[in-house]
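Please go over the structures that come below.
Both complexes below contain chain A, partnered by chain B and then by chain C.
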Partner chain A sequence: MSVLSELFQLHVLLPWLLGMLFGIFVGATPGLTATMAVALIVPVSFYMPDPNTGLAMIIGVSFTAIFAGDIPATYLRIPGTPASAAATLDGHQLAKQGRGRFALLIDLFCSSIGGLVGVTLLILIAPQLARFALKFSNFEYFWLAIFGLSMSAVVSSGNTRRGLLAAAFGMLLATIGLDVVSGAQRFTFSNPELMGGLGFIPVMIGLFGVSEVIRSVLSGFKAEDSNTTNSDKGDSALHSLVAIWKHKFTVIKSSMAGTIIGALPGAGADIAAWAAYGLEQRTSKKGANFGKGEVAGVVAPTSANNAAVSGAWIPALVFGIPGDAVTAIVLGALMMYEIKPGPLIFEQNPEQINAIFLIALITQLLLIPCGYLGLKTFGWLLKLPRSMIMVAVLVFSVVGSFSLRNSIFDVYVMAIFGLVGYFLEAKRVPLAPLILGLILGPMVEENFRTGLIKSEGSLLPFLNRPICAFLVLLLIVAFISPLLLKRIRRKPAKLV
Partner chain B sequence: MTKSIHAILLILLPFLIGCKPSDPNAAAASYPSKSITVICPWAAGGGTDRLSRFIADQLQSELGKPGVVINRTGGSGAVGHSAGALAKPDGHTITMITFELSTMHWMGISDLTWEDYEPVLQMNADAAAIIVRADAPWKNLNEFLAAAKADPGKLTMSGTSTGGAWDLARAGFQLEADVPVEAIRWIPTKGSAPSIVELLGGHIDAVCCSVPEAISQIEAGQLRTLAVMSEDRLLDYPDMPTAKESGINWVAVGWRGLAVPKGTPEPILQTIREACERIITSPEYDDFMKKNGFSTEIRTGDAFSQFLADQDSQWKTVIEAAGYAK
Partner chain C sequence: MPNKGKQQNSGDLWLGLFFICVTLAVLVLSSSIKSIGLGNNFDPGPKAFPIGLSLLLAAGGVFEFIRRNPARLREEPVRGEAKSVLLLLAAFAVYVILLPWLGFAISTLIMATTMMMILGNPWWSALSLSLVLLTIIYILFVLFFRVHLPSGVFGMPF
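Our next item is the complex of A and B:
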């Protein structure tokens, strides 16, 4: 308990809370990601008098930024971080109905619960989960990515053909750059800026943010033509808690799935959010309402993405191997604190591990006041005239795109995709599948080709490895069950 | 119509603000007259980034102007390296150059070579190592190589992308050991960390990366080093044999150093050299390198230029033999 009393001192709590508020700000700013928030806070944390204060800042930031990314995704339909893209669906639909605050309060509580479930699993069964994650190789990751990609049909808001087109376009865009498998250049036109591929963030901000600015300006900032909203019914927190209670199993299920996906070194919070969304859509009775402002469509991805942040700590602590970009930075920082994560840390430095666990748990609770402040401030800012909001969106879009690689090229990419997004939406092509294609296209391709190198060209390992077989089965069930359910439900209706 | 003009102006606004007239020639006498930018060609949070931030911090106290790190990533390091070489040669932009500078022009990724720079000094070199699971059937390097020779194409190895530093290191090593490059299949990954996961999970047979990258698993007894591709045994890990001890005359290191654009005036270059030499001889530097697990290997002046020229020819041979040349 000495650690606990040590943590609850002003010189620890103050930087901790300030760090978390900083995480909220960065996460809520389109283009500034959780990864960047952590990278920026790490050098500051070294100035803290003791390691626990520094660690509290770093852990605090890593958990808040992902929730904060859902704030602009819900209110403005502009994801603040890649892991928040799923919140542009049901969360945003609720906001358009004037229930943005309701959606975000659900989001906040579920983020906190998701994080708590994730950290609890981390404490209880980290070594087991880590060993399970080791069983995943290219063959398994391939099916995981295919499962994610199959969701593009779900998120195409009733327009499957256009949705698939958008997903294919996203996958095509993802092929630009140096091919990881062979090192060949694809569509780079010898431009070194294109060798690393199109930045995911500039494309995402362009598609969602800049296109919205264009639309707003062209429509003379009229609310009805816009995707953004500044009317809010102001539901109380109680409404949201009741709504969560009705979906308690979804919260738990999504949090567990998120933790497991987060623990896989080849998948992160973004994929966890989509997978949870798809899983819920396929198994929920209200699956057909998804994308129209369904509460479960808010609950599932947001529980999963915060749980995935905890999940990513599992391989980081157990093997000393980062589960995602954020934990990669954290591992570097831990080394500076002379903490060596890895198989030996649990035996050699149990005190340090306990401190990390405790900080992570308390962070989930501190998230609620910090997040509340964030969404309150954001809701207040939305009362400003729409033209001013759009200027701010544009400024942050440019800053965000530029700061990622310090490249003006990325700003051009963002501007071009602003136009692309505007035209695609004008032609009623949904953007969510495009994002899915962009994230998952490379994952499908690289794992398929690398898998084939491993198996010397044989397709068999894609089917006969136990986890592969299970994933294939899941995929088949997921596709057939909605059709079967429809049949079953239709028949009695006809009889009556 | 005015609406759309507004829209266009609104969209152009940030670009207009972004343009500013370039500085006139900065006089060598007043150097440094503004903040020093350290370009890091790799992402924030990685090892090269940590070293860049440390150097920027130290340069700040040495030269009395703010030191700023800019991560210019992409194109396997090509973007950052060219940005650094093409910067104004006034000493206010310093680049953290890395191993890839010696290889990317042979692979057709960039036209850039070390001769586009004025080398300042080398700071570090991490030797490649061949690492296997602790329970692997090969007791030593020769048994491993014999297995690769006996059944070509059976063993798999990873460590980074195809044509990346550790792939080239093992390819050159195999050539020297008279084992054809294709005899061991290279499984491309995004870096050493995912490769170590693959190795622990039993999906591949060996990993080629630097020792510090795998040290926590090695110390825990899960992984084992067969050979380190260094001149002598590593100071920090004296129990790990070198490839040379098994009769394979091969050294491969991933290195980092500092350079400024070609054409930087001599007095400014001198000031930077002196500042950097003070930094790398400080106890803070030793402490930093130790905490991060980086091996210090310092070359200054002509020795560094010679090293860069040697690296260039060493990797040319390997890249051609491995079939990566463009």
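Our next item is the complex of A and C:
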């Protein structure tokens, strides 16, 4: 109870709500992503008087930014975040029929319900999985990290080969600094700022914030000329709730699917949204109406994308392996708060875990008033000059990068990675595997080398332990199955 | 989900060169990595991972280079906004260099105004918007969140 009452103190609640409103602003602005919102809020969260306030801000931003991306998706046909792309299909059609508010209210309530289902599953599954994870040693963690990295490359958008290269590049960047096993300096150039490695947050801000600004300017801030905010009929919340009740099984089904998909490393809310949309389209009796303003076409992806954010926390809390880029940044922040994710945290620090669970639950409820405010003010957001938004992002990026360690070096790191991020995305190299490589690289290396020391140089324990063998098999299946599926799909064409 | 089929086999010249250059840099710099000798404890050492990863990148880079699509090299480069981006990057580079000297307030005001003018705003609009932005940052970050920002040689409050 004491954690619960603490969370409702003004010094916690106010920054929490401000953080959520910031998430709404960033998520609703096309071109600014949920990942960027979290990356920008993390440095600010460190200035909060206690860790729970900082965590509340970060968790609040991650959920609201995902929902807020659906607002421009519906009114402008421009997803505010990649996770909102699936909601564009039917949401915008409803907006063209003068029912944009109706669609977004459905969206808001479904996001909240999806998040609640996801957090509930997180609370039920994570502690059980943590007990199982206590059997893991260096050998199992090594393969788990490799599995996480490989999955992120396989499922990420674009080329699997480039995804793997991105993961390898991220792992290489993670070797900068002092070697954990031997203490040797690697690629530090005798610069004390590099002894602890590259600053994780400035790298994130550069990759997601600065690179996006470059991309937006280069694209000339083009926007679809389909602003439908003015033609809204103004449906009430009751109409939306009635519609959700009629699709209650879709909500539950999509939320559960979203949670499971979100738990897969690299999958993320965008894949969860598309998967839920596709599943509902194939199984619904009104499948042919999808894409024409079908309510189920809004319910499914919007329930799934917020549920996926919770799902991503499952491997993150239990194994320290983030499910997506947003959770990767949050994990980095947790470590800076000296909260080390892993199975032991459930036994050694249950108050902290309970606080995280409570914050995640309450955030789903606070999402409704914050999201409603976002819906009301979206028209005002559209009036802001795009150039001001882009310059503001750059300035916030500088503030965020500098404020962590009062270091101008971190600003230089951010600027460099802004260019690197732009270049890699222009070459269709996905950034999610790169971030996972940066986070999981030390886990891979440390567990491999420590495992080798324990096994006196033998590689056998990496293969003959049951959990290791299972993980290796999963890895092989993950790589082979897309190729097999491709062959199976080609066969009917050959028979014609 | 995007179609991965055709993308799997075509490479990219610049991406290939990027990864090859990274590999060469790592191989050269790795020679200066010194490890503390603890006897034969079966640890492959601090150089193993960087070198192994860079060789993976090299393999990928060579593949990208060999399988580069010549048609894409002949494509028209993106013009139009490219000049704006270069000017923006130059302004940003000058900004981060001058930031510790001029302090956050002065350098940000100059940078934000310049950038907004590059992006097509008239000078008075760019200056006004920059002042609004600076005010928001001061209230939010300096006063409310108590973030410390560079004050520069002029001893500005932020």
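Operating definition for what follows: the second predicted complex is superposed on the first by the 274 of 496 C-alpha atoms of A that agree within 3 Å, B and C clash if a C-alpha of one lies under 4 Å from a C-alpha of the other, contacts with A are read in each partner's own complex, and residues count from 1 in each chain.
Here, contacts are C-beta pairs under 8 Å (C-beta built on N, C-alpha and C of every residue); 3 or more make two chains touch, one makes a residue touch a chain.
In this text the structure is predicted, and so the values were computed from the model without any measurement.
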First (chain B), second (chain C), both or neither touched by A:274: second
Contacts of A:6 with chain B and chain C, given as first, second, both or neither: neither
Which superposed partner A:452 touches (first chain B, second chain C, both, neither): second
First, second, both or neither for A:428, with chain B first and chain C second: second
Partner chain in contact with A:187 - chain B first, chain C second, else both or neither: second
Contacts of A:169 with chain B and chain C, given as first, second, both or neither: second
Touched partner set for A:47, first chain B, second chain C, both or neither: second
Contacts of A:388 with chain B and chain C, given as first, second, both or neither: second
Common interface positions of chain A, toward chain B and toward chain C: 43, 181-183, 185, 213-214, 217-218, 220, 390-391, 394-395, 398, 406, 408, 411, 415, 453, 456
Chain B - residues contacting chain A, complex: 3-4, 6-7, 10-11, 13-15, 18, 43-47, 50, 53, 70-76, 78-79, 82, 107-110, 153, 156, 161-163, 185, 187-190, 193-194, 196-198, 200-204, 216-217, 219-220, 222, 291-293, 324
For the chain A and chain B complex, residues of the former touching the latter: 35-36, 38-39, 42-43, 133-138, 177-178, 180-183, 185, 192-197, 210, 213-214, 217-218, 220, 265-266, 315, 319-322, 325, 328-329, 332, 335-336, 338, 340-344, 390-391, 394-395, 398, 405-408, 411, 415, 418, 446, 450, 453-454, 456
Parts of chain A lying in touch with chain C, wherever the complex brings them together: 43-44, 47, 157-162, 164-165, 168-169, 171-172, 175, 179, 181-187, 213-214, 217-220, 271, 274, 385, 387-388, 390-392, 394-396, 398-399, 402-403, 406, 408, 411-412, 415, 419, 423-424, 427-429, 441, 445, 449, 452-453, 455-457, 486
In the complex with chain A, residue positions of chain C that touch it: 1-2, 4-5, 7-8, 12, 14-15, 18-19, 22, 26, 29, 33-36, 38, 41-46, 48-50, 53-54, 56-57, 60, 63, 78, 80-82, 84-85, 88-89, 92-93, 95-96, 99-100, 104, 108, 111-112, 115-116, 119-121, 125, 129-130, 133, 137, 141, 145-150
